[in-house]
Structure formats: C-alpha cells, structure tokens
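Next, two complexes with chain A in common: one pairs it with chain B, the other with chain C.
And now, the complex of A and B:
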C-alpha cells in the first residue's frame, strides 16, 4: 500500500493480452472501440480486491488461467445442449461457443417492425444500428466489459421500429458445446424505438466439469414511451466462469423491467449499468441467486438518475446453501437535476449453509434534495417460528424449508410480467430446491 | 416549546458569524520547532519526561509513518497537507497541572468563556443549583492544563489524569493497553498520532467500580499552525462503568488546522463504557476558507464477556470530518452501540460512520445515524457490519437516515454488510429525503417562521440520538444543531 508498484501480470492476464494482439476486424468506429478497450485492459489488467467495485470478487485471484477462444461448435451438439426455456413460446436464436448457429435460429418471418440480425453480419454490412454500440460508458473501468468489447465476435442485433409492439418474446440461448475449456465472448445490442415494446430473454448453459468462460454483454437502448422486459437465466456449468454486463439507456416515459436469475457457474459476476436519461420513466431491476457448494455469485448494480421524476425499484434475493458466497453491490446515484426521484432498493439474503457468506453493499449517492430514496438489506437464517408453524402442521423439515425458500424467491420472480417466462423461472427454482432435498 | 424557543433566540442573538467559539487567547507559548523529524518526536518525548520505552514506541511509529501513504478512499477532498509546515507541540509557558491558581488566568478565562468551569468550587456551586458534577480534563493545544475532582475520583479508585502523567505514574497500565486497540500501524493518521501525540486523558476504572461522576475532556486548539494530536485511553476493568464526555472548539482562522486524535477504549468482563462527543471545531467560513481537518481514529474493544461500549456523537464542526468510532465485539454476549448526528453546512465535508466487528458469540450491535446536509456540503455515512465465522448468533440493526436541506448539498450512504455466519441476523435500512412540505406547512400554519419550523422538525429527526446523550450535553447539542443550520433556510 505504500508505493505504486506495478503488479506482476498473472498467467491469465498474460494469456488474455496475447489474445488481444489479434483484435477482431470491424468497421472504423468499432475498430476504435476495440482498440481503446484493449488498451484500457493493458493498462489496468484484471481487477483485484483493492479495486472498490470488485472488492468481493477478486477477479485476479479467481481467474487463475486464461483459456483459448472457443472454436465453432457442432450443430447437433449445440442443439442437444440448448435446453433452457425450451417450453416457452418464443423466437429462439442459439449462440454456441460465442457464434450464432443459423441452423438452430429462427431468423425468418419477422414480425412487422422487428429486425434481428447477427452481430457479425451487422458488422460486415456496416449496419446503421451499430452506431449505438458503446453508447453507455461505465464511470469506472470495467475489465469484463473491456474484454468483451475487444474480443466479441458474434451476438445478436435487435431493432424494434417505433410504435411496433412485439408480442412474441425473443429468446437468445447461449450454450457452450466444446469438448475442452475455452472462452466465448458475445455482444448483443437491443434498440427499442419510441412507443415500441419487446420482451427479451437470454439463457446461458453448458456442461459441468469444464472450466469454460462465458463473457456476455448486452446493450439496451430504450426510446421514449417504450416498454422493455428482460429476463436472464444463467445456468452455466458448475466449473464455469460467467461474466456478464447489461447496459441500459432509458428514454422518457418508458418502462423497463429486468429479472436476472443466477443458478450456475462457479464464479459469476453480473454487472448492470442503467442511465435514466429521459424524465418520468419507471424502471425495475430485480433478480435472485440460488447458490450451493462453493459457488460465488456477484450482482453489481449502478442506477444513474440524471433527469427528474423517475422511479426505480430494485429487489434482489440470495439463497445461500453450503459454503457458497453471495455478493450484492447496488448504487443509486441521484444527480442534482434529478428532482422528484423515487428510488428504493432492497437486498435480502437467506443463509442456509453454515459456511455460506453474504456481502451486501447498498449505496446511495444523492445530490438533489427533493427526493425519496431508501435502501434496505437483510441477511439471516430461516425464521425458526415460520419453520415451527409449518412443522407443527406435520410438514417435514426439508419440505418446510423448501416451501419457505420458494416463497422467499417467489416474491422476486413474481415481478416477471411474461407468464410463460415467469412459470419457467419458477420451475427452475423448484428443480434447484428438489436437487437440494 | 421552550427548548425550541431557546434555540431560535440563540440563533437570533448571533452576529453574521455563527461560530461563537472563534476567539483567540493571547498567551505566551512554548513550541517545538516547525516541521516533523525524529528530533521533533524526541523533543516532545523529552518535554513530557517520558521513559525510554515510550520514546522508542514513538520513534517506531514515526519510522513507520514515513513509509505510509495518506488514505484517499473517503469522499472528501482537500489540498495536500504539508506536514513539515506545522507545529507539533505548543504549550502555554506557565507550568500547568500544579494547582488551579498557577494556571494562566487567560486560560482560565478562556475556559470560562467556553462554559467549562475548571475551579472545583465553581463547579460545586453548580451542584447547589441542581446541575450534576462533572470532572473535567482541559487540554489546551498540546498539553493538559487542569484536571478537576482528581482527589474525589481517587477515593473511588478511579484514575483520571492526563496521559502524559499516566505514562510516568502508571506505566504498567499504559504499557499494557496503549496501542492494543488501535495498533501503531493501524492507519496513516493513527500512526502519525502515535509518533507525536502530546496529551489527552487516561482513565482507569477498577474492578466493580461505578465511576461516581461523569468524566470529560475539553479540547481547545488555540495556537496558529498547530496540529493537535491527542490520545485518550479508557479502561473499564471487570464490572466497571464509566461515562465520558468530550467537547472541542478552536479559534476562527483562514488556514486549515489538523486534528488527528486516537481514542482507545477497553471494556473487560461485564464492564460498560459510554463515550459521548460533541464536536464543534471551527468549520471554516461560508466559502470554505479555514476550519479544522478532523481525522480521528476511535475504537472500542469489548474484550470481556457481556461488556458494552456505546458511542454517541454530535458532529457539527470541522471543515472535514473523517471519523469512524468502532466496536470490536470480541467477548461473548458483548454489545456495541453507535448513535450519531452529523450536520454539515456551508462547504463542510463529513465522511463518518462506524464499524461493528462481531467476533464473539451472541454479540449484538445497533447503529442509528442521522445525517443532515445543508448549503454546499457533502455528508457521507460509511459503515461496516461484519460477522466472522465464529460469531454465532450475531445481531445487528442499522438505521441511517439523511435529510437534505437545499439542492446544492449531497447525502451519501456507503454501508458494507458482511456476514460469514449463517446464524447472524443483520438488518439495515437507510432513507434520504428532504423536510416535507407538509410538515413545514403544518408548522407554519401554526405561526412558526420557516427557521423555527426547520429547527423543530430537525430536532424531531435527531431525537433518537439526542436521547442517548447525558442531559446537559443534550441541551447543548440541541442548541448547536440550530446554530449549525443557521442560514440554510430560505
């Protein structure tokens, strides 16, 4: 702590730097973004616990080795692996090993006003929509986003024309279908025009036992009076590394609701950055993590109220079994111009395992006076009285616990508006509980 | 509502300048040469006739300090401090601590002006008029000038004396406990303090003794360009109880002055320490010129089972406050409490909060923090609550509320809540809002002007904390709150 010592680069950092030497091609603007991102990674490297935003998720220590970038996946393998949210009636796009698999993706017969292309095709065609890429810049260097910007090959680009209301959800299914550990970087962009509506879902899965790395970033540009619902289900393999960044730019009078559900990966970090740049919008960022074994899941949220009259609601639930570790860092910033802001953030953790750990850091940073802001954080075991109540009615211990956990997580899942997706998430929670019992 | 009326009258009676303790006392002083070197440390140690081990302790701290960097994580900003441009020791010329009549009459007058009676008979007269007895240790710049009621306390077995005297008279106690709660290497300012601390209070309450009166220290910075580095050490032995009060003021000056104190509390089995502070250092003028930099390390160690440490603070002064009174809940069933009111106005910056570190079984802690930001100030609550692996049954309740007055100020909350034990129960809540128009309307409709109405509402907002203060302090604190917010309405 005494002097500025340039840390020695870890093997993982060295390997990543080597892969940055071959930054993928792109249009002029994209190439600039990629080079800038690569440079910032070169300067800052992987974050460690002295970097405030990564205090509880020491990426330098956790990411021991870098793995090569994944090669193309076999279609049959990808098809067999992509199982999540299959029961939900949706337009499905499958991304395997970081590249869209056209054979498994439903890119034809698009509804009026909806445009779906692959990121690689958009780059090749110099798609106009890509000018929105990189528009939301986190206030501090974010290693996971920088790497994604530098290395992402593919993903989806979705544009909803002004006024178009797309009923059928778009589901982007990410799978890892390689035989050995590898890294995949995907970048997606969703632009919802003024007065338009979209339900967007993304899922992540892969085999247990392979230490593959998934790095996914999605940018959402939401126009005035638009409506966007985002559901994210992360069930990566038990040895996987999952780094996710979700960025939102929200216009005037719009509605944005997200639900991020983390069940998988050995280490998962989900960062959400939201900039409220249009007045009188309503946003809700909700989520839940169900963790067991030695899993580590970190949700970091940054909501920036820049304009007056917005309402934001955040509800995050953690259920921690065995020796797992949950991290929630949430920050609500209210700028001086953002009068009449109403922000509420709540983080609750239920600790089931004796060796589990929960770290909560809910922050408020307020520069406007006419506001109503609050946050709450709780952490504790299952209430004995509730257990007693159920057991007195003849319900066995495990089942009583399951019921209470279900009710606990259910409160957050209930915020998902789309019925099919909500049911699917409840089913995932139930099967997690069943596996526990 | 007599209290409110009194507050308002007090505000009115003030001149443009709100800080009433801003005067300077002309006295001859004895100073160490400017700057900080090993020689300065040796000079201070020699002035205090310290034993060799104490000097070594200081020198070790000084060497360590030279290798450290100033912390920059707090939400405060100030120009770099030139540590070589300060006086580290300044004492009134006349010999002190002999008898009350030897004290420079100017200093006595100063304390009288501040409302602190140093003559026991004055204080005794106070008893007749109904006030409680309080023993005072008065620290003027770098030295303690008077300690009252020493004999009476000695009869109860309580040791209450300047720490420099305790180093000579009770070396075994000082050696055992000094630096045991805040280690020499703890942080930049604590290490600096360990090297150059000049005075402060030492309290030892023996086994089973309930201290017969409240103890207090009154700190006064007088000299220009002087840093004040006091060190307080309070030990409550098994089953003992002590309530300790601390007050501080300084003259108004254009330059910033440094105050880097260390306070260590040790509570053994079944002991209880209640520590209250009313901090009213000069906050600087309305443009942020001058004022005290208050960089303080305060920590209590609940070393024994069933021990309890309670911090209560009213922070109204200082240009910058950087202060986190903490409790280490080591003993089983120990308790920690933190009650705070932090008010910032003008260009003041406050970054304050607490740490509750649960180590023992069935420990509990409670944090109530009320921050009020007005003018162009920034007010941050920063706190840590943590339960370690073995802290079975740890409980914490935290409530931090912030009130914003005006649209140019900022209120921030940065809590860290870390639980490593599944049976720990932590609850945290925080809110930020302004004084609601409804409340103001209600008061004004009943004939209160905006300033009176604000004072009334603010007093209601901080009531939970004021209740924790000893009575005389509560009255003073209430007045102080109104004064601090003067000019923030309308």
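And now, the complex of A and C:
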C-alpha cells in the first residue's frame, strides 16, 4: 500500500480533529508541544491493530462515536458522583468533566514543602514546574498521549520539595458528571524532589449509560532517594472509554511503587512508561483488572532500564468473567549500560467466563550482559481441587469462587503500602465479587 | 435408621472410558459407631471418601447412598457438608491467600446459614477456634496463614482435625489421616479425633496400617479390595491384617 494513502477518517477521528482545531497558538514551550502532538495525531489518527502497541486494542475500530469536549460540570452533581476512596483520609482534589472543581478541592493549608496547583492555573501563570512536562517521551508515537498533550484542559501540578515527606496521601478524584457523552482530557504532573516522599492516588468514575471518554495522563518526575507510591482506581461507567498514560522518570536510589486497579469502562487502556535514569532504584509496577460483560482492558507497560543496579518488579492480575477480554503487554528493556539489572515481570489471569479471553505479551529486550531478568505469564480457570476443598467444607460455589478470586487478586493488592488505600481497594474487589454472586 | 447407608455402590471414573473403581460396595454406619476401612493401595478407599463428599470426577452407575434416609448422591457438595458430612483429606490442598481463620469462619457460617441457624458472633468464633486449636498444638501464626500454606504433612493433618472440631459434623470420614505422621503427631491427632467421638457422631476411619487403630479404637473393621468390602469384623480383624497382610484378600479377588 502506498504510504500516502490514508485510511478514511472515522467519525471519532473527525470529531477529534475538529477539537484539535482549538489548540491555541502561542510561542511558549507548552504550545509547541501541543502543536507537535496535534500534528502527529493528524498524521497517524487513532491506532489500529496493525500498530504493534495497539494490536489487541484496535482503538480505531472500538472508538467510533464522535463526542464533543465536555462542558463545565455542576458542582452539586460532581460532589454527588465523587464516591471512590471517600473513606480514605487524604487531601482531596475533585476534577469533574476534565476541570478541577475548586469548591470541592482541598487546596489550602498545604504541608510544608508541598505545592498543589491546578494545571490550568499553572499554564496561565507560566509556572516553572511545567518545564518538566513532556520530559518523558515514549519511543513510539502514542495516540492517546498525543491527544492528551494537545487537548488537556486541566489537571493537577504537584511539587514536593526536596526532603519533604508528605504523610497524608493526595487523592485526585476524576468524575464525569455530564448529561450526555463527552470527552475529557486531563494532564497532571507530579514532581517529587530528592529525598522527598509522597503517596498519590487517582480515581475515575462516572455514570454507566453514557459513552463518555476519559483521557488522563500523569507524569511523575522522581528525584534521587525519593519515595513515591501511586494508587490508581479506575471505575469509569460501563459504556465509557478510558485512556490512561502514566509516565515515570526515576532518579537514583529511589523507590517507586504503583498499583493500577481497573474495574470500569467498556474499553480501557492503561499505558505505563518508566524510564529508570538513576542507578540502584527499586520500582514495582503492579496492578489488577476485574472485568465482566464485554469489557476490554489493556495494560501496556514499558520499563526502560538505562542505568546500572536497578530492580524492577511487575505483577499484574486479570480476572475475566463473562465475555470480557484482558490484555497485558509488558516490555522490559535493559540498555547496555544497565548492568546488574534485576527485572521480573509476571502476568496472571484467572478466566471465569466461558467466552472470556486473555492476551499476554511479555517481552524482554536486553543489551547488557550481567543482568537477571525474567518474565512469566499464566492463564487458567479456578483450580477445581481448591474449589472442591472449599465446597466440601460447606462453602457454596459462588462464595468459594469469590474467596479464591479474592485471594488471587489480593496477592497483588497486598503490595500497596498505604493501609487505608489498600483496604479501600480490597473493599472494591469484594464489592465487585458481591455483584457477581 | 442408619446414619449412612451405602447399598451396592458402583462407581467409575467420569468419562467415556472411565474405569470402574467401586464394584458393589455396601456399608451401614449408625450414630456413635467408628468403622475402620482397611485395604491395599488402589482398592478404592479414597474414591469412596470422595464420592461421599461429592467430588465430581466420578460417576455412580448403580446403587444408593443415603444420609439419615435422604439421597446423599443428589445433594450439592456444600449441602452434604451442611448436613454433616466431613472428609478429612488424605492430601489436603494449600489455599494461598485465604487465611485459615477466614476459611473456617466462611465454612461454619455457610453451614449454619444452610441449616437455618444464626451466624456465629466474632468473639464466640475466636473463642471456639482458639480452644480447639490449642488442643491440637496449632498456633496463632498458622491460623493467620493461608489454609495449609507452608504446613508440614503433620500440620496439614492437624489442621484437618481442627476444621472437623470446629464444624462438628455428624459423619467424619478420615482418609489416611495417619499417613506422614510421626508417633507424637499421631497421638495429638488421635486425641483430637477421640475427643470428637460421641453417641450421635459416626466415623469412618480409612487407613492402610493398624497403627492408627491402637489410638482410635474402632467398633468395626472392614477390609476393602478391588472396590468391594470383602470382609468385616471387630477390632481384632485389624490385628490379624497387621500380622498377615492383605495378600490373602488380593488373591481371592484375582
């Protein structure tokens, strides 16, 4: 095929292109980034199955509807809808329809060393922190991220000063509170200074009936000897699209742990890009997806070991009920300089539904010679012997399945260090199981 | 009425060419009785215990099994447990991620619910488990761990008896509970089992060796071979088997 022949634009692509027309002109760096991102989308459009990274998640085929960019949400509506992680003691910031709702956000009385502003305010003020934005560039064009860069309206910008250890988690609660389907683009930036510590949580939710689109990207810049825990809970509405990008740049001797929990949306794609640019750090990227009906959830992970002595651990669990589909793609790259790298990646799927499907694609790309790396993937039904054992003690079938599924997912959730968040995630898993019983 | 009544039970491995394992087995067990079933490896002892518990790998082709007059074979696995059937497994599985306490509580409450009884309160449950566990030398750490995870062979068997003690079944089926136990562990386990003997509880003790029956003294001993009970007697039959082995019965069957 001639490279110049572009496929016909889908209605969704046309709507996005129309939105791109609104990317502001201007001379600053962000505007340049936005224009470059818009241009790359114009050239490439939505990714389809012939694009390697999107092989199992053909966005062009899946996302057909054109939806306008979301308008401002009513405060009362946003407040009523922001339910996730409410029981966790945290500094809460509510983003509704893609914009921070100041009335619902706790932006005052910041701890010493913590700065929290909105993305829109940072852009308007030409905030210095934004110079870090766009610092982590995926090796290949990523449509979801490009659209986010071009169109992001709001989000949060968090800076933790060197040495500041912030005890109370910061929780950014994203909600869709519109009356008809719309698209939201949010961009956040979290800069954790040298020797600083932060626990950051984000949640996503919205009504079941609307095919709204949530596109959220968060960049994490982690300094030397810093500590960052990220917990992400995605429970977007059953008809929604959820496109997420998490980008990490990790300095020396740091600890970064993430847990991404996907339960919602009709189609969800979570891409994680991590660049380990400082030696001797320890990162753990873990997560779980609990899917039912015809849900589709894709987690794609790219960990780039650029320097020596880092340890990375990845553990992802999928529970697939009904005719749902899970995708895990994980790639660990170990550059020539990254000697003594220790990288281990594991993906496990538990298939409950007769028509459910799992696609696992773990990869290692190693250019250094003195490394320890491994990956594994398993996929299977609940062990009959275990089920029989539980049932033989009087536990009915559904409850026995629930206990075993909970145990399966629990192994991953256990990696969440913050007790309140960990318990909240366990509660979400239990509630998912209770709904299926 | 017998507690358990097995009549001419025939069963085969499920599937088109599954081989027949039980070939006309009959056994009546009354409340309060302890029956020992002995027999060479491969005679079908575990198969019998699995069929009583409801394992789905077997197909009953003939015969009947009733529990207090009700058709046991028609009952779901969990229903049998709620009605009082308990199998102490020959090889208890490990259940990672499900703490023993959680598991015991789920089992006890599920059984109570099915019987129309109220759930046990947390303090009552903790007291119950602590007391029973103490007698069996099972410590708090083991109770917090995943069911049987990292337990030694002996610990697994003790954990089975703990479950039995907590669930208080009417019919206990013990499948080679003595295998893999040293003499001290055997004592602890046997004492645990004996503590559960009562006029309204019956036991079927499956074993390959007479040794266990010195500790758990049976009312009846049955010899099983090739899917049938080929001889029944009192406890002295166990001693005779110990002295002479199973060769005589195996030849008879051949």
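In the analysis below, the second predicted complex is superposed on the first by the 428 of 437 C-alpha atoms of A that agree within 3 Å, B and C clash if a C-alpha of one lies under 4 Å from a C-alpha of the other, contacts with A are read in each partner's own complex, and residues count from 1 in each chain.
Going forward, a residue touches a chain if its C-beta (ideal position, glycine included) is under 8 Å from a C-beta of that chain, and two chains touch if they have at least 3 such contacts.
Owing to the predicted nature of the structure, the values given are computational and were not obtained by experimental measurement.
In the superposed model, A:388 makes contact with chain C only, not with chain B. Of the two partner chains placed by superposition, A:137 touches none, neither chain B nor chain C. In the superposed model, A:396 lies in contact with chain C only, and not with chain B.
Taking chain A as the reference, the larger set of touched residues comes from B, when chain B and chain C are compared. Contact with neither chain B nor chain C is seen for A:80 once the two complexes are overlaid on the shared chain. Once the two complexes are overlaid on the shared chain, A:410 sits against chain C while remaining clear of chain B.
Against chain A, in their complex, chain B makes its touches with residues 67-69, 73, 389, 402, 404-420, 422-434.
The touching residues of chain C, counted against chain A in their complex, run 53-56, 76-78, 80-82, 86-87, 89, 92-93, 95-98, 102-103, 106-108, 110-111, 114, 146, 163, 167. Residues 1-3, 52, 336, 339, 349, 351-381 of chain A touch chain B in their complex. Within the complex formed with chain C, the chain A residues making contact are 384-386, 388-397, 399-400, 403-404, 406-408, 410-411.
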